[in-house]
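All chains are identified by letter, namely A, B, C and D, in their written order; residue positions are counted from 1 within each chain.
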Amino acid sequence: MQRVYILCTGGTIEKVYSEQTGSVQNLDSKIDRYLRAVRLPDLDVRTFRLMNKDSLEMTDEDRRQVLDAVRERLREPAPVVITHGTDTMVETGLMLKNGLADLSVPIILTGAMTPLGFEGSDGLQNLTESLLATRILGPGVYVVMHNQVFPIDRARKDREKARFVWK
Amino acid sequence: MQRVYILCTGGTIEKVYSEQTGSVQNLDSKIDRYLRAVRLPDLDVRTFRLMNKDSLEMTDEDRRQVLDAVRERLREPAPVVITHGTDTMVETGLMLKNGLADLSVPIILTGAMTPLGFEGSDGLQNLTESLLATRILGPGVYVVMHNQVFPIDRARKDREKARFVWK
Amino acid sequence: MQRVYILCTGGTIEKVYSEQTGSVQNLDSKIDRYLRAVRLPDLDVRTFRLMNKDSLEMTDEDRRQVLDAVRERLREPAPVVITHGTDTMVETGLMLKNGLADLSVPIILTGAMTPLGFEGSDGLQNLTESLLATRILGPGVYVVMHNQVFPIDRARKDREKARFVWK
Amino acid sequence: MQRVYILCTGGTIEKVYSEQTGSVQNLDSKIDRYLRAVRLPDLDVRTFRLMNKDSLEMTDEDRRQVLDAVRERLREPAPVVITHGTDTMVETGLMLKNGLADLSVPIILTGAMTPLGFEGSDGLQNLTESLLATRILGPGVYVVMHNQVFPIDRARKDREKARFVWK
């Protein structure tokens, strides 16, 4: 059975609607709950929460923590999926690419434009695609969203189109 | 076939998530779209949009507009459902009760704590309940939500519990 | 807090899709699971399973069991909702009406044309409506489905239209 | 923009629940409707219906029709996804492998254990995975379902587990 690590950092994909404040916030974890809707009979998924932040609020220290967490999982090589806010996903991915030498597995960053469980959400699609991509992609750092696979240095967020485009 | 009027004023029930701003707002109409998920073979539903506002932003002028709109529908008596933000739902309801003499049909205010289509939303439940209530309730002004029927002068919003309670 | 009894007898509303046989069957209970999607803060719901049958397979003995179960709940009067297949719902309802004298609460039969959780299902709508109806209806035996409330001796299933109509 | 062909042949993934018969059948097309729930901004999807059959009822003539349809799309090479019943998916896949020489694109068979839109359905997951796989997989004939990618001659359906396993 293939192992895969999922490192959760927050971002839109995990935002929840608060009935008390009437706003969406990174309050609770959602990834595990939604993964139960996907059939993964031959996958040993290990989910870890690193933080739960809007990616615009991630600091250099936060990114170092992500790098350290990925490094630790790579000791026993298995693919890593990182759920992340889209606004600084590429920044974190480039930092990972620079900090990780001699990769033997794919490192995939993914997230969502609309939170998991909200009408029209792309969150489960992106998780599904990322987990499938860990089965096929070669070593490297990628963004996988919306049926697209971007090597990290080729991805750019187009805010108006609400998606990533080629750089 | 029974006729019913639905007057939409906005509120949480109709909020949408904006991918551009990352916030929830009263931008588009949702009621009609979600009503299509409910089977109403013997009901002639007439939906009208009056405004699309967070109810904390409703003015006296807005409330007068609601009163006028209800009055107009009552000329040919048919029950009226008003979708409304919960924060000032009781205020609008009391104004209607005071402004409408000799009611022969029920006037029902309803809304939601979480927008239609968001995970855990109570919006479709409240719409379903309100439309069923128009079949059974006698004349009067009511709040119908969460399996509860409140005469308007008995309802109070409990913000912490995120629901209405008896006054 | 208002008490309500839900007596489950099976029918389409509770059918599940079996991946082994590729058919829909009355195998598991679903009502409780779907009730969790509805907010009932002021309702004390007590659910009981009597049987899990396609209503075309219900026998006279099964109907006696339903009558006995309703009688037992009526000792401490509280409304009763009975989930039931639509094909013989009226038959069971008429038997209840004949067998229950001096009702002080509503007895509501409901069900679905498409199983709970299948696309386009009317099951949650009908449950929601029936529970709201227990709040308002006077004593009697009713069918509540699709925004309609039928006294039991006025209801007739129209198989082609897939709904109940007035008799 | 990448082109992909989707050839629909029926199978469980497209079964619908008939309220008139109370059974699931291959009556209508569903693939296009559910694809609208997936964001494919850089994919030019061309969907074609070949037949709508339970795969246990597919004949040699039906399989020849599938082979001809794939051959026609391969003239202008673009990946092909074939939605298909799981019972004879491998049989059709092996026939395609034998009949198609010098593939330059992936041919992916997929389907579902539970129809699209039924609770717990794996249909949208499998479609999402298959469309992502067309982006990454090399030439060949594959089964893609449940986060697994099987070369066609390595796949075997395990009916009891309701999934494919390695042969």
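FYI, a residue touches a chain if its C-beta (ideal position, glycine included) is under 8 Å from a C-beta of that chain, and two chains touch if they have at least 3 such contacts.
Keep in mind that what you see is a predicted model, and the values were worked out from it rather than measured.
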Labels of chains that are neighbours to subunit C and to subunit D: none
Chain separated most widely from subunit B, comparing mean CA positions: D
Computed distance of Cα centres, subunit D from subunit B, in Å: 45
Distance between chain centroids, defined by C-alpha means - subunit A, subunit D (Å): 28
Cα-centroid distance, subunit A relative to subunit B, in whole angstrom: 39
Where subunit B touches two or more other chains at once, by residue number: none
All pairs of touching chains, each written as two labels joined by a dash: A-B, A-D, B-C, C-D
Of all residues in subunit D, those that touch subunit A in their complex: 38-43, 122, 125, 128-129, 131-133, 135-137, 144, 146-149, 161, 163
Sites on subunit C touched by subunit D in the complex: 12, 15, 17, 19-20, 22-24, 54, 113-120, 159-160, 162
